[in-house]
Amino acid sequence: MLLHLSTWPEIEAWLAHSKTVVIPIGSNEQHGPTGLLGTDWLCPEIIAHEAHRQAPGDILIGPTFNVGMAQHHLDFPGTIALRPSTFMLAIGDWARSLAHHGFEKLFFLNGHGGNVSTIDAAFSELYAEASYASRQRGFACKQRNWWDLAGVSKLAYQQFPAGHGSHATPSEIAVTQWGYPDSIKSANYAPQIAPSGPIREAKDFRARFADGRMGSDPGLATPEKGGELVKLAVQGLLAEVKAFSAETPASAAQAADGAVYPSPAVG
Amino acid sequence: MLLHLSTWPEIEAWLAHSKTVVIPIGSNEQHGPTGLLGTDWLCPEIIAHEAHRQAPGDILIGPTFNVGMAQHHLDFPGTIALRPSTFMLAIGDWARSLAHHGFEKLFFLNGHGGNVSTIDAAFSELYAEASYASRQRGFACKQRNWWDLAGVSKLAYQQFPAGHGSHATPSEIAVTQWGYPDSIKSANYAPQIAPSGPIREAKDFRARFADGRMGSDPGLATPEKGGELVKLAVQGLLAEVKAFSAETPASAAQAADGAVYPSPAVG
Amino acid sequence: MLLHLSTWPEIEAWLAHSKTVVIPIGSNEQHGPTGLLGTDWLCPEIIAHEAHRQAPGDILIGPTFNVGMAQHHLDFPGTIALRPSTFMLAIGDWARSLAHHGFEKLFFLNGHGGNVSTIDAAFSELYAEASYASRQRGFACKQRNWWDLAGVSKLAYQQFPAGHGSHATPSEIAVTQWGYPDSIKSANYAPQIAPSGPIREAKDFRARFADGRMGSDPGLATPEKGGELVKLAVQGLLAEVKAFSAETPASAAQAADGAVYPSPAVG
Amino acid sequence: MLLHLSTWPEIEAWLAHSKTVVIPIGSNEQHGPTGLLGTDWLCPEIIAHEAHRQAPGDILIGPTFNVGMAQHHLDFPGTIALRPSTFMLAIGDWARSLAHHGFEKLFFLNGHGGNVSTIDAAFSELYAEASYASRQRGFACKQRNWWDLAGVSKLAYQQFPAGHGSHATPSEIAVTQWGYPDSIKSANYAPQIAPSGPIREAKDFRARFADGRMGSDPGLATPEKGGELVKLAVQGLLAEVKAFSAETPASAAQAADGAVYPSPAVG
Amino acid sequence: MLLHLSTWPEIEAWLAHSKTVVIPIGSNEQHGPTGLLGTDWLCPEIIAHEAHRQAPGDILIGPTFNVGMAQHHLDFPGTIALRPSTFMLAIGDWARSLAHHGFEKLFFLNGHGGNVSTIDAAFSELYAEASYASRQRGFACKQRNWWDLAGVSKLAYQQFPAGHGSHATPSEIAVTQWGYPDSIKSANYAPQIAPSGPIREAKDFRARFADGRMGSDPGLATPEKGGELVKLAVQGLLAEVKAFSAETPASAAQAADGAVYPSPAVG
Amino acid sequence: MLLHLSTWPEIEAWLAHSKTVVIPIGSNEQHGPTGLLGTDWLCPEIIAHEAHRQAPGDILIGPTFNVGMAQHHLDFPGTIALRPSTFMLAIGDWARSLAHHGFEKLFFLNGHGGNVSTIDAAFSELYAEASYASRQRGFACKQRNWWDLAGVSKLAYQQFPAGHGSHATPSEIAVTQWGYPDSIKSANYAPQIAPSGPIREAKDFRARFADGRMGSDPGLATPEKGGELVKLAVQGLLAEVKAFSAETPASAAQAADGAVYPSPAVG
């Protein structure tokens, strides 16, 4: 079910049997010489909408949160960025709105590595609101990068054993090629595999990564490979949403989701 | 040109000949028993994308800002709202990002009456930043409701002489029916024409407007009427964007856009 | 009754029979070569205090909120401006304070067109607080420009058929001349009728409107015409306050105040 | 000169010979059974305007900042309070606006003890803006309670050797009686001298101070005593404004104003 | 008891018999040519920890809040400053956290004069939260400068009859010499007694106070004098904490703490 | 060199040869039945101060940032938490202060897994400030968990092959036992190895983790094992600080620090 193509009575009916909603979330930012500016929000949207097409009764997809934490890309035209503080406030308002209707499981399918920390901080801000007030939050938040869905990253590295990199990767570009076959771009670029390095402010970023790529060779992408990735991601998404929906609050039983802290974390 | 389906070098090339970008902006909120939750962001997106299809070289469309000032609709499931303060911060970050690339004319095509004041306040916040700092802002912001484009409102009242109302109107629903013919909904509702009244907090709103409509009979909508509205709106949009692009900064000549203050304003 | 010249037990007594308070609100900003910097807060204060003198038992007037959204006037000496975000927080604190005492109807008599959007956004922020918390707000906010009171704008255009304009208008200057006859100023200015145009940042504004006027010929003002305007405005104010006070919350009956959305609004 | 009864060219002319402006600042809050709700902003306004009447060419008075830090009085009807954080933002915007025009000495004549810390914190916030940016602020801020002007407090204790107290004091009430002789109130209250104690939240405050007075017997006030206090305060104000205006920035010579830190401060 | 060297069950046990916690709070800022950058947070920490050593069962000391309002010192290397607005938010979160556990008396032992106003404003912000919500705050906040503890300031002026000054004072330096005998520094400086003056932005401060001292001759400090000061301060602290703990909420009896308003305050 | 035990001229001298400063950062929060509330800020402080003792001329240690993102622990007495938004503002002010003096490399040695995302978001907020302003930031930020220093985590798992867990771990407790041998606590607890699960609001956390431990058996800790960990961590810290100091800004050469995005990140 797509929330934005539904009426409010349809959502009311949905809530009678499920308390879970999936929000595709990403960023609108440069993706190298050939990648679409929308890549990072298009990928989770493509995957989520494909999951909806395959199993419309099993999943509710909200509108796509299409602008995120992309300050480092601002020296490349077309990038639109929210400051982390703005991003957190906006995620908070989305979450509070959805929880207001009775949603108890908010699943953010993320398409941008640069969003991860800020989304996590936004969740903590939401939880803190309840913690200071000595009350239960009433809903749980979860984010999952689409490439961290079961098997996806492994497949990406099989498809692209060299030149995958970490930004403007052939895997994400392949997914958009599959989703938007009329918008496949090509360009000459060099070196074939882009450099790597730390991520700081926009000027530093542009100095390090002249055409916007990080460690990647996006020309390896094909729509077919994108389709394979989408197929696997859809399976993973449906499974994770099902498991998240089934999770009961604060039971004695151990929950499966320990993802807030990357292991091995101490402290 | 669609920004999110373009690469950054393509936007760089666009900026060589135009400094204008159009952002469809709306709200994700209940639209009565038959209206889609996405109506208010789908309408400007439909119109803007249709303008792009007709004249791809004349207009650049950014990603859709799909959640806005909808606090009053929160007691209807599926509504997602930003607090005005959050909305202003997010509009500010979008605008600063676009201006960073050299865009000098930011045209927001709006689909939600409830957004108007907050968008206007957000523009003032952006201008104020420059005013306090004794510098030029470097860009101009403009918002236009799609129904205020030349001739559109007049046509809507011709199409729907009774029961147009002000929320979940047959005209906006018709536009989405034209844009999403597979998502046309029907429902029984009464009274045929919904009540009118002031807009306050969500509980008050729901008490006044039991099914979410305000003064409207959305059942009058047809995809054909929607198509007529879109056709006229596209003409108006292209004309306004052209005029806005042609406007020169702070010249002695009077500018055409006096829209920030509704006339007759004194003070 | 004037709140600031009353004691707290007097306000407690007032609340036993009325839940309405009127706040004159305006701006301290340049008003052309002859207009007082206080014009926009003096006008609503003059009208409200005159209403008090005529009907002291029918109306309670709070202190004047004398600085507002005037960033565009900052390049003219004497202007004091709040950023929209600050203005919203301050209006919020005033409203929460008054509601804390039991006031249920907060009527802001506005004297500055540039305030309208931000005041409206501030009201929405206040309502949103209740909407997210799933509770009733407990009070209603209303703003009315003094020139929008019944008959006032019509009279102004009869008095000044040419050269009324939209800033430093002869009507607002006439009101201050009536209220402060010892502070009537004169000056040579040209052209006789000032230019019109959009409102943006302060530098742009000063470039467009060299002496601060917008479309107006303030020399047409006389204290007598000001007195006529005040007389009519007082009648309108007392009538609107009475009607607002009589309004019952969220009844099935349609309320008279649909002013948040300028008609014809769709969306 | 009164800023709000002047035109912008008049302020421009003022700035040619003086860079100092005086802002009366206070609070709108309960003042016991007989004190006016406006007492704390009326007192500095009365004194400042009287100074203007005596020496119009020597002093420029801005509009009165009439609502301040009064959260502890909120359980008494008529009190209007800003949160400290809002108050600081608003003071900041006033100061930045005035400095924008070239004012270099911002003198706040304060009428409310509860404002002192927040005004001081607001000044520090303004200075910090420049400090982090490694630049000069360009203006200096100073606050002075009217009762701390030369000789005033001493006179007050001579006039009221017992029952002066610290809130709803006979001295401040006497000043308003002198300024507003038509608004002198009387009431029975007991005990004759109110209790003293700490200031915390509104509920605690009302429990400690049943009628709003703190340590005072306001019935001792007379308009004549108020006139004596105003006379002395006007002298002190004109002298302090003159000295503050004459102060040169950061000279090697020691400046006279060490008032930010009450002595004997270590640390 | 030192909170940070305790376990949560130990704090739970503490709360069974006492609701008071002491937070040493200061600033990390330049202290002239010989003073430690940590002086202002080390002093209250030294005194509080010494009180703990003498009477571990009578006092609970929290972690030290070691960075405060020091914007004026930013042009001296090593200074770390919070903007007042940030400082207030952080104090608020500390206080809400401690109150969450049941602490009802939050005693901040302050080591920096520049903190006083902002800490006071932070307390008001916390109280305001309860006041607007018409509820009791549930806890009381108190700040005390260590030099204002009974007898301390008097002793300091006896020890240093000339050259005490107000920043980088021999008394505070003596306390750190007693606490950190391995970190006693010496330097040549001139003049022997530093100048005095107002405190504004960092550039102004550095221009007035070339080596960072204000009115002081820190070379007079000795560890022995520091020990005498600590001894007296510990007595004062234990006594004040005992009295504050014994204070009952909002009783009719007058409370001993009237320190929020420096006397003689009117208004 | 310890910044807080130095004078400002000593820091000025340091800056002549190094632009790097290390800030121990952690959290003050419950650590199970035997762990100290200060564990997470004591561990990085112990390690950093030990590095200073071993190589005082090679490393400059600032004051410890001792309260962080610990909202989930608030239902255990003694925890003090900053909301993520507050934490970000405070980190921002620390960083801006240090950069103001010329520090170009800000190294945060972190002791709390729950801090990681918010610290990262705070860095992005700082970078964004420069990115929107089209300027270079002038400094680089880096965070490193002490257990992620070379070899430390591996040693911890060798020392504690079972029951290491992720909160109140035997490794962090061992470090504090080594640093504070007089504060070693013991307690009976069950089960021997605590449960695991997701981290949400405080009430949920306490329901899942009854005594505060997560997956750990802290009784395995010994001061000796703590000493081994500290020894390795000190080596790692000195090496990382050296490498970070040597890093040149935005060179064509690939930088070594790709740690902001955990690999394999796409998007």
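All chains are identified by letter, namely A, B, C, D, E and F, in their written order; residue positions are counted from 1 within each chain.
Quick note on the criterion: a residue touches a chain if its C-beta (ideal position, glycine included) is under 8 Å from a C-beta of that chain, and two chains touch if they have at least 3 such contacts.
Every value quoted in this text rests on a predicted model; they were computed, and no experiment measured them.
Trainee: Note the shortest touch-path length, in steps, from chain D to chain F.
Mentor: Step count on the best path from chain D to chain F: 1.
Trainee: If you match contact pairs by residue number, which of E-F, D-E or D-F shares over half of them with B-C?
Mentor: The same interface as B-C is formed by D-E.
Trainee: Tell me, please, which chain's centre (mean of its C-alpha atoms) is farthest from the centre of chain F?
Mentor: Greatest centre separation from chain F goes to chain C.
Trainee: Which chain's C-alpha centroid is most distant from that of chain A?
Mentor: D
Trainee: At what distance in angstrom does the C-alpha mean of chain F lie from that of chain B?
Mentor: 47
Trainee: So the centre of each chain is just the mean of its C-alpha atoms; given that, what is the distance between chain A and chain F in Å?
Mentor: Their C-alpha centroids are separated by 28 Å.
Trainee: Among the residues of chain B, which are close enough to touch at least two other chains?
Mentor: Only 74-75, 81, 83, 85, 97, 100, 132, 134 qualify.
Trainee: Determine which chains touch and list them pairwise.
Mentor: A-B, A-C, A-E, A-F, B-C, B-D, B-F, C-D, C-E, D-E, D-F, E-F
Trainee: Tell me, which parts of chain F touch chain A in their complex?
Mentor: Spelled out, the residues of chain F in touch with chain A are 26, 39-40, 43, 69, 71-72, 74-75, 81, 83-85, 88, 110-114, 116-118, 120-122, 124-125, 127-128, 130-132, 134-137, 140-141, 145-147, 153, 156-157, 164, 166-167, 169, 171-172, 195-204, 207-208, 249-252, 254-255, 257-267.
Trainee: Under the stated contact criterion, what part of chain A meets chain E in this complex?
Mentor: Touching chain E from chain A are residues 132, 134.
Trainee: Okay, in this complex, where on chain F does chain D touch?
Mentor: So the residues of chain F in touch with chain D come to 96-97, 100.
Trainee: Using the touch definition from the top, list the residues of chain E that touch chain F in their complex.
Mentor: Listed in rising order, the residues of chain E that touch chain F are 3-12, 14-15, 28, 30-38, 41-42, 62-64, 66-67, 74-83, 85-86, 89-90, 92-94, 97-98, 100-102, 180, 183, 185, 187, 212.
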